[in-house]
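First chain A sits with chain B, and in the next complex the same chain sits with chain C.
Right after this comes the complex of A and B.
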């Protein structure tokens, strides 16, 4: 009985360990770095872990030694040496070295950018994003997605609308808090193209857990092409369905909050939708830009995302929702 | 007498009292006839309780707004005419004979207002009076509306006579008497679409749009007649242009959607009201109500509740001025 309990206990521990380790990999993990800053942080983490293991092992080993291996009286001279050397000098040197190593990284993460500036404002509960290429006089506005080029350092200027949030893409670098009325900055130098996930890392309200985004890392050539496309006005509706959707978009007043560049819709409240359909996600990293998710979102915003500013358009008929979704799906 | 003896006497008296009270309820011994009236002492106890309850709970005098606006007095008088005069009579008139046999008899309006301050009248009109036949305000959230009636009652205190009352409450019909466009606190209907008018009447009737005044009006009219009424008074003309809008109306702000995306020319949705030329004070009041979360309406009401959250007092005035001045 005890044997089988111990066996199932071991199996449980093994399972928990596997699940925990699985959580370390993937597109939202500081242990799978995809950029220079995240690599530094990854190294820092490993060094800290090794340092902590050494300190823990040495101190506990010493404790074991003096209580179990040689529990007899020690000459005062030896005992003093052991206490001062092992209990004061050794931990101070080790922790001091780790601190110096950790602090030496900070200037790198505040290094100047290479030209591109991305401004991110945390809203309730989504991300307003502006791209300011070197020399730009007006931004290219988008939302809920960050795209960055590899091989260059991009400057991120961060602030918040109403509450305190925190910007964190674990695969690319460290966290930076976002405050209303105060700009914070960080720089990132991604290295490996791919799609990673960012998440608000400061509890900010009922939909904090639903405030995420995709971070798409592109080669410089791909990034330049994407930015050019992003700067262009929206595609006009191409099908009768999408045209009806655009009329509904106007008559339901969607343009009061949402901008679609190249149209009369110029609202400033919600996310810019000019190229919504080219984004990786909908609703700030929680859904996909598909017909089904779009209709679901428009009709049930506040069920899906508590206290989000956008009211649920639950009076629209299924056919109307489909038309609206068709229009939005065409905003490539 | 011993403690035991005292307790026995108390227990016997309590038992007799309970039996007597139970008999009054169970055998109909108390005469509930309005003809029989109250004893003078009962009358005194009830009325003194009422007076003291009002004095304890009435709002502070500092909360009384300016009640001298003729538009406010007219609105109050017209609501009084439709909802209150049936019992309290109009100035210089008598209530119907049936009303005089209520117990207590509702005082004629000049006597009714005589002992009270404006703040006390607000409390009485808003709360009503239990066991007297005086109802509470039909929309409890709309304390603001009650001031119109208080403004009228104060005018009565100050000597409004039958002629003055008739001049305020005349009109071709029940609806147009208020809505003919001359009163800045009452909305014009001729610029609104029939579907919007009809939906609003249903909302008033159901209480999803809170208004004691319009709840009365919408329940006086049969819902079967709403559609035809809306067709008769509303308009199907396209939304007119809105030149030179203030910035907050044109594009909005980070926390304010633009007004004209819905209420401007080019939006053909008949469920959204046109604001051009709408009564100024009515617009301002509605924006306050939207911002405070008190204003409901049809199915799109959550849109305006969300839209008004970021408006400042100054912007509400700017918007009310702008839209009311448009042709």
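Right after this comes the complex of A and C.
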């Protein structure tokens, strides 16, 4: 009976450990770093954890020792040594060392960028993104996705439209708050190509939890090719369905809020849609760019994302929604 | 007519009360030094960086913090030395400090402990200035 209980206990502990460790991996984990800055933070976390465990164990061990193992009277000299050594000098030196270790990382995180500047403005509840390559006089505008090259340090200039938000891609680095009317700055040096997830990390309103984005890390060659494609105007609609969709886009006034470069649509209120279909997600990291999700989003925006500025176009017929989705799907 | 002896005793009491109430103020000096050092170091650096950081860097602020830290630690060290003299650890054990008659020494002991924590606080507050070389 006891043996079987012990066996069950071991299995439970092993399962809990596996579940806990599984939580450490993934594309939105600071413990699974994909960049230089995240690696520093990962190391900092490990060192702080080890330091905290040592301090906690040593001090509680000391309490246990003096209250349970040797609860009898101590000679004053010995007691003083224990209190001064274990209660003052040891924690002071350990905490001081951890502080020095943490502070020694800060200059690296304030390093200059290597040329590329990405400006991100937090809107309600999405991300306006501008790429300024070195020497650029006008930005390449996109939205709800960050693409960065590996092996170089990119400067991110952050601000916000109306509320305070926070920019955070745990796999790439630390978080930075975004304020209306004040520009904050951070630099990131990604190392491993892949698709990671970013998330607004400051409660900003009813759709805060739905304000995410994909961070796509590319090799420098792939990044240059992508940026060149991103700078190009939108592809014209290629099918009759997409052409009808473009007409609907015009008639329903979508272009008053959304820009599609290379067309007459030049709205600035909502996200730029020029290359919407080449993005990894829809609605700021919450849906996929598929026909089904596009129609769902257009018809039910405020059910999906509470208080978002875009109205739900629920009066459109299913065929019209399909045409609109076909047009948007062609914006590669 | 007041008994001269009683009068002397009363004066003695008044003097002791005056001295102990001063000692109560005395034990606040080290934490106050720590607090003032904190406000000057962080507030001063914030103002410096906002006004001159972009053109002149942070060197002046870092040197000022170093100077302030030396001053604060020197003052806390002096307070600690005076506190130990008041405490007289060689003449009093912990038992003596727990009686009303040992109040004077107890306040010296408390002031000394506060000097230690304040000195540690001042060093921790100053440490960022050792590492951070820019206003960013």
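Basically, the second predicted complex is superposed on the first by the 312 of 332 C-alpha atoms of A that agree within 3 Å, B and C clash if a C-alpha of one lies under 4 Å from a C-alpha of the other, contacts with A are read in each partner's own complex, and residues count from 1 in each chain.
Going forward, a contact is a pair of C-beta atoms (placed from the backbone, for glycine too) under 8 Å apart; a residue touches a chain by one contact, two chains touch by 3 or more.
Just so we're clear, the structure is a prediction, and the values are computed from it rather than from any experiment.
Contacts of A:224 after superposition on the shared chain: neither chain B nor chain C is touched.
Once the two complexes are laid over each other on the shared chain, residue contacts for A:50 go to neither chain B nor chain C.
Of the two partner chains placed around the shared chain by superposition, chain C is the only one that A:92 touches, whereas chain B remains out of contact.
Set against each other, chain B and chain C touch different numbers of residues in chain A, with B touching more. By the touch criterion defined above, A:309 lies against chain B but remains apart from chain C after alignment on the C-alpha atoms of chain A. Counting contacts by the rule stated earlier, no residue of chain A appears in both its interface with chain B and its interface with chain C.
On the side of chain A, the complex with chain C involves touching residues 76, 88, 92, 95-96, 99-100, 103-104, 106-107, 110, 185. Interface residues of chain B facing chain A in the complex, by the touch rule stated above, are 251-259, 261-262, 266-269, 272, 299-300, 302-303, 305-307. The part of chain C that touches chain A in the complex is made up of residues 93-94, 116, 120, 123-124, 127-128, 130-134, 136. Of all the residues in chain A, the ones that touch chain B in their complex are 161, 250-257, 264-269, 309-312, 314-315.
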